[in-house]
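Structures incoming, each one as structure tokens.
The following pair of complexes shares a single chain, chain A, combined with chain B in the former and chain C in the latter.
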Partner chain A sequence: MSSTTMTAPARAAVLRHRAVRKLLLLAAVAAVLVPLADARWGSGSWPHALTVSLDGPLKSTSTWIIDNRDSHWLFLYFFGHISGAIITAIHAVYVVLLALGWAGVTAGAALLAWRAAGVRAAVTALLSFAVCGALGMWVPTMRTLALMIVAVAASVAVGALLGLAAGLSDRVFRGLRPVLDTMQALPAFAYLLPVVLVFGIGVAPAVLATVVYAAPPMARLTALGLRGTDPGVLEAVDSLGATARQRLLTARLPLARRELLLGVNQTIMMALSMAVIASVIGADGLGDRVYQALSTVDVGSALAAGIPIVLLAIVFDRTTAGTRQGRTPPRSAWAVLAAATAVVAVAGRLLGSQSWPDGWTVAIAAPVNTAKDWMVDHLYSGLPGIGGTADWAAHYTGWVLDPLRSGLQGLPWWAALLIVAALAWLIGTWRTALTAVLSLALIGVLGRWDASMDTLSQVLAAVAVTLVLGFAVAVAAARSPRVERLLRPVLDVCQTMPQFVYLIPVVALFGVGRAPGAAAAIVYALPAVVRIVSQGLRQVNPGALESARSLGATGGQQLRQVQFPLARPELLLAVNQAVVLVLSVVIIAGLVGGGALGYDVVFGLAQGDLATGLVAGVAIACLGLMLDRVTQPTKGVRDGNA
Partner chain B sequence: MATRKIVTAVAALGLLATATGCGAADMTKQGSPYANAAGAKTVTLSVQSWVGARANAAVAQYLLEHELGYRVDTVQVDEVPAWDALSQGRVDAILEDWGHPDQEKRYVDDKRTVAPGGDLGVTGHIGWWVPKYFADAHPDVLDWHNLDKYASQLRTAESGGKGQLLDGSPSYVTNDKALVKNLNLNYQVVFAGSEAAQITQIKQFAKEKRPFLTYWYEPQWLFNEVPMVEVKLPEYTDACAAKGAKDPSTIDCAYPTSQLKKFLNTNFAKKGGKAADFLRKFHWTKADQNEVAQMIAEDKLPADEAAKRWVQRHPDVWRGWLPR
Partner chain C sequence: MATDGPQPTDRVSDGALAAADAPSGPPVFAVRNLWKVFGPKATRIPGTELAELSPEALREQTGCTVAVRDVSFDVRPGECFVVMGLSGSGKSTLVRCLTRLIEPTSGAIAIDGEDVRGMDKSALRNLRRHRAAMVFQHFGLLPHRTVLDNVAYGLEIQGVGKAERRARAAEMVEKVGLAGMEGRRPSQLSGGQQQRVGLARALAADPEVLLFDEPFSALDPLIRRDMQEEVVRLNREEGRTMVFITHDLSEALRVGHRIALMRGGRVVQCGTPEEIVGSPADDYVRDFVRDVPREQVLSVRRAMRPLGDAHEAESGPALHPATTVAEAIETVARTGGPARVVEGERCLGVVDFKSLLRVVAGLGTGGRTEEKAAA
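Up next is the complex of A and B:
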């Protein structure tokens, strides 16, 4: 205990010292370069002379692809087979699901959940599928399920292969890790455009985008699991004369089981959230229903399609996260399971229709819309004292977003680069600083400076609100076990919900514009922040707290002077997560009037103007990379040591 | 060891090639994976986001399902990508196209993957509109020459010192940016992001009786709620249209009044049987479409319920669409 309290200030002193050195060096570099840049290109928005327009080449590429899609060998013998295989696979799964009928699918899911994760998961699955049917969403749910099964299988296969390679070879690991890290920081929206460019709109490109988005966590965790094997065990296996393959199959893979399962779980959650977003590029199913409803501001229908998405997420999460750690169940159990499902399916068929019976549905759209209208009438404006949600939205836009945006857009371009360099370098290494600065510069070069500053202003404002709220809730949760117990299920649900779903209620409350995007982003990022911060605060050495208390520190002093400093790594991680999560939603908010980069992507998709959309997608990726590097301390330090 | 790896790899590649048929896989001949499942004949319709288009699709869907025994899927795709999806067979038909000469030339004339499906029967017109209460107070606003005079009254937070010309969804056919530039108007085009957002905004303006200038079109049910009058733009001529076809940024005249058209995927048109026949014959009036659209948008009926009511009321109209 005493060692912790001793080294913290010492570490801080060293850090400060190093930080001062870095800042001085940066200031020196700036003093030389800034006058030059200013004289050559002026100060203000990114200089036009330094932009490269990719519109022409991208446009001709896109035209060429459309013209040659049915004749060129590249499409006939390569891409064509890929999309053909995906469509065949989904069709096959979908036919099986339809053949099982609603009774078979529900029973099968419940039995599977029971085998894998116990009775509670089984009940969850049973109820969830019943609710999906009761909402009149059976067919869309089956479509999303079919798409998910194929996408997850492909993601897990691809991810496991990559992870295997990285787990066994140091060189592959070193090459792959930064790529995977980066991919995890990028918003899902940025992945849509490239696949649309090649494959057009449809289900096949939607699955491909999903696989690309969802495979990285599997690869990462597989690699980590394999590399984390206890060397003692490996030596023991070696001494028994095992071949390399035996060693892999009998020792390393079984020992990495925990990471592998976690990887599957993560992949499924990411795939679901992407499968929903991909409705923008023609993925059918639940996402498409939400999308159709959003475009007519029909909150009731959007909710009816949104609830099944959440339920699917919960079922998937409970079933995979709860997978028992012990031995695998015997083969016979699976046979019994399949037989039981078949029996129920046949029984269901004999009893009647395969699709959910029409009489068993509850139409919630109309009552929800009535409730929403009531809410809009009563909460929207003119509440005595606090105003209404519309007033909040207007104030947030007028007093926070607008000044912040004009501030950022008015900031000289070289000053923005310098600030980013300073932040990234202080918190990481010169390498992360370079990445951050280059990403920001690339945005300028691509000619998306102003739009990106607009998006950035929305991100910063939303992150600030998220952090204030998140820290407040987390402090309460860390102090009182009861608050924590009450919060846990809420956080669970919030974290499993796909980002798209958040857009529905906020549009009803905040109208259309930048404010609803911010609200959705805050709600989406809050659970992660609360969780990380409260965990960090709780982990603080109780001895340190005890001694502070014995010195007569008040609650606030304890928090400020002991808990926050000691939990510094977690607090920084919370900031990083908040930034990454907020960005991903702020971008999607382009669909509800968020403007800026998200709107450019939507515009590109809507007008078939892939040049605009692709460049905006790259800018989003750069922004994500820059924000991640500016806020990611621990990895930067580790990189420096490696 | 190394040779074995190579042998395995070659074998795997060979297997992959045989499994996929090793032939050409034409991406333009791959339908939706959900189509024709479980023995049902499926028709996939593209639904655009505006209510009139949903009315078309709802009635077509209802009749195809209840009179002809098809399963109908609807997918929301924006106008331009819908052409690409149509040519690839991912959707079978577009029921209401507002005129996309570029796409028509590429897919109908050059590639022949899309076939014309006849007129919808509704005439569409795009233009700039102001609310009736504003036009009554200032009749001269109805000529575009006088628009600048009112720019200061039409200013908003988003239009940055100029008058605001409210546009809707980024996907709609629009020359507004070019028009504002070429007519030298002191206006800023502000995109609401979606038609729903635009309608919300218009209703809010109307509630407070504030003036506004908006991109709008008819037939549209909103006219019944918020009466609007069209602003006269420079007359539409063939010469101007020809100029615009070459370079859209040079357009300086009004939008044409066009027959809304239907388009079918060529394969579907040939082999779609009764469904293709039915969709080709689908032809109704502005009044019919507005009746359904109004039920969907204002009475908040689900689209299939609205379609059902219309079908029950007007058997004389749709009987003729059914193939004999």
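Up next is the complex of A and C:
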């Protein structure tokens, strides 16, 4: 639309619009800078003159660390103690789990779930542990469990302390909040390399990476819970002459109970997801089994190890999310619980072996692989009319991903920066725009432009599919209670599963490459999108909807004119979550042939080439930050408009 | 003219105190020239010409808002002192300043002659724990505790042992009429019951003064009435001193011995209900009390006229000067003749149809003519 066709008042009105003003300003800046940049460095991919190679310094750093790991005081007296303590703790927990034996662990878990969340959770725990044993995965399950227990304890402790500080001090809160926000937007893979650089490969760095990844939700929810205390109650507590300590212990913490429990739940789920991924840097257990199996495309074995992961996730979630409100159980209940567990453990030991009896296992790897081979033969291609999964994957790669990738890689670098700046500024503040542009520029400076554009193309395509599917399902769910009822348990289960697990079925269906990565990403991000959007649509002020209906609006009109506009914050949040979640899986898909940045990290780890991996890790973090900022409507803007 | 009868103070200038009806001992709370200004560098406002600006101009110039403006009053022992005003008049801020839940900007507050503003943290805590307890509009109960534990909470804060505080809390629960509900949680109670818990919690510490911040505004009218009677009973029977904040005039008239009417942070009038209704200080107060059934508030002391002749001092039914006009109307209607207003042995004056009806009609009272009757 050209402005010459507009009448004068219309033009003035457009000019007054904030978005247009921002765009015009940006265009003016671009008009000056772009020709300069173009003349100086040319267009196309990121100019070589603007890259800084960190390979040299990083290599020498990593060499220095490897050389000095056993001698330098920093490692001997600080890092060494940390990793020593972690290993000791995990070993101790593992020994206890072994001593309890399969009977004791299963009974203990079931009793704990029963105490915390009721009978259904107890039955779930009982069956889940039994299935883990039956699949022949008892030992790796125990190893993962030991790692989880240590990592979760550390995460909760660290997160709660940070959250306490942020909940009580405004300054800490202001400082911590952007850090936590950013950390939650970064893909899990970005956390792996730095810890490997310092601690090497092994269990200790895996636990540390897990803690770094899982502590933020605890910190955030603790802080929010403490800050959300009803000011009226706090005032009443003050009026009775409570000291600061009494205020915290008798009012603020108990009132934040819900958030604290939710924080523990989220931390556990994040820790499980990371503990599985951390098998890439040496965490043993279930994740390692999946990782090994996937690297040889042994879907059967991957599934045998993947099922226990899913079951663990469900047990953890049900046990902690369903925690009963209100009445705290009497202390004696825990003693009874411990005693009962001990009795079962002793009985188990007397009756037989500590580990799951060999005779009770079912080997599913071979049959699954047979089934998979049948699928390869019959479903991959040549199905009349609809083609096959491999055909779909090829089409998706050839018709969507490849053109998108060449488009992005062919896009002049300054144009990419401009687009990012425009998007981030339109939806946020100039600050978010600056962060986004700088993040993208840093990728270029680090020399990962092409790989990042490859990753970006996969993310964009998958996000588009996710949003289309997600919105469609969410609208259906928001309009029909029956669909919603059917969907809820599915979403519940899907949202608890670690990202890693999604790779198993897609590899079975689509083989390796970029398409299965996209499929896994879509499946992983879909539940969150569906949930956020449908909740947003359903929470729309019923009064507004009712008045629209009373004016005779059709269903479609209600949706377009009332529900979507009123649910705008949730819709934007859904887009943001879709981008963040899709990115995290697309990166992990580097393990199954996704290429690009994720592959660089895996390659770096596998070859011991930390410099490559580390730079790729930084690029991933930058990409995550950029995508988050581009899609994140900041609070400041909404407050500013209000 | 009965010269020794108490002369109602018609108008209270800012800061000045209402003349005492019957002063009984030194004041519990003595507040002098209290200011509370919200905003940056608030201390520069009180007492300067800045304070004279209109609220909008002040906010524009300094970013500050004056919530309490040069307020002075005394709360006497055993009295129920009501602070009334519309929302935003600064009354809730004022009551919070008394125990420094909100820190005053300037002025002086004394409790039993002890300077509250000079108290250190522990002295202030002591004051809040033992001497002044507050009841809040939105109850401020701890949702995770039972009724009994909520009531015992103040004692717990004081460090009272479990058995003792539970026993005392149970007593208080009984006293406010919640016996049998000790084990429930606040969310399982109605609004009125929740406020009874709040009241019991305040009473449990056996404080010298009870502070009420619009305690019954969130309640249904019927329950509100019950609770008001409860408060009146506590005040009259136990002689507990109270400071009662409300925006409801009828509530103020029902519970208060004296009422301070606030507007824009300032006390526009301070006096007994009768003084407020009978002699409004300005048009704002007059407007405020316009719909009050005057015959139920005003006493015959205001309605009476001087004795006409000696004969009048001898005959007719005798009424106490504090008798309300409504009651006097009943007496006069029944006997058909004028009634005498008698205090002790002395006859102060006479009320008849005419003088009583003048009160009901809102004309000047008794023999005295007031400027508003002409208006």
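Just so it is clear, the second predicted complex is superposed on the first by the 598 of 642 C-alpha atoms of A that agree within 3 Å, B and C clash if a C-alpha of one lies under 4 Å from a C-alpha of the other, contacts with A are read in each partner's own complex, and residues count from 1 in each chain.
We take it that contacts are C-beta pairs under 8 Å (C-beta built on N, C-alpha and C of every residue); 3 or more make two chains touch, one makes a residue touch a chain.
Note that the structure is predicted; figures quoted are calculated from it, not measured.
Superposition of the two structures on chain A shows chain C fitting alongside chain B with no clash. Contacts of A:Val233 after superposition on the shared chain: chain C is touched, whereas chain B is not. Once the two complexes are laid over each other on the shared chain, residue contacts for A:Gly202 go to chain B alone; chain C is not touched. Greater residue coverage of chain A by touch, when chain B is weighed against chain C, goes to B.
Looking at the shared chain after the overlay, A:Leu572 reaches neither chain B nor chain C. In the superposition on chain A, A:Ser83 makes contact with chain B only, not with chain C. Once the two complexes are laid over each other on the shared chain, residue contacts for A:Gly241 go to chain C alone; chain B is not touched.
With both structures placed on the common chain, the touch criterion links A:Leu54 to neither chain B nor chain C. Of the two partner chains placed around the shared chain by superposition, chain C is the only one that A:Ala251 touches, whereas chain B remains out of contact. Once chain A of one complex is fitted onto chain A of the other, the partner contacts of A:Leu591 are limited to chain B, with no touch recorded for chain C. Annotation: superposed on chain A, chain B and chain C show a minimal Cα-Cα gap of 14 Å.
Considering their complex, residues 230, 232-233, 235-243, 246, 250-251, 254-255, 257, 326 of chain A touch chain C. Every residue of chain B that touches chain A in the complex is listed here, in rising order: 20, 24-34, 37-38, 47, 49, 51, 54, 73, 75-85, 88, 90, 106, 111, 113, 157, 169-171, 191-197, 200-201, 297, 300, 302. Chain C meets chain A in the complex at residues 99, 101, 124-130, 133-134, 136, 138-144, 153-154, 156-158, 185, 198, 201, 205, 211.
Across the complex, chain B is touched by residues 66-67, 69-70, 75-77, 79-81, 83-88, 90-91, 94-95, 98-99, 143, 146, 196, 199-204, 279, 282, 284, 288, 291-292, 294-297, 354, 363, 365-366, 369, 397-398, 402, 511-512, 590-595, 599, 602-603, 605-609 of chain A.
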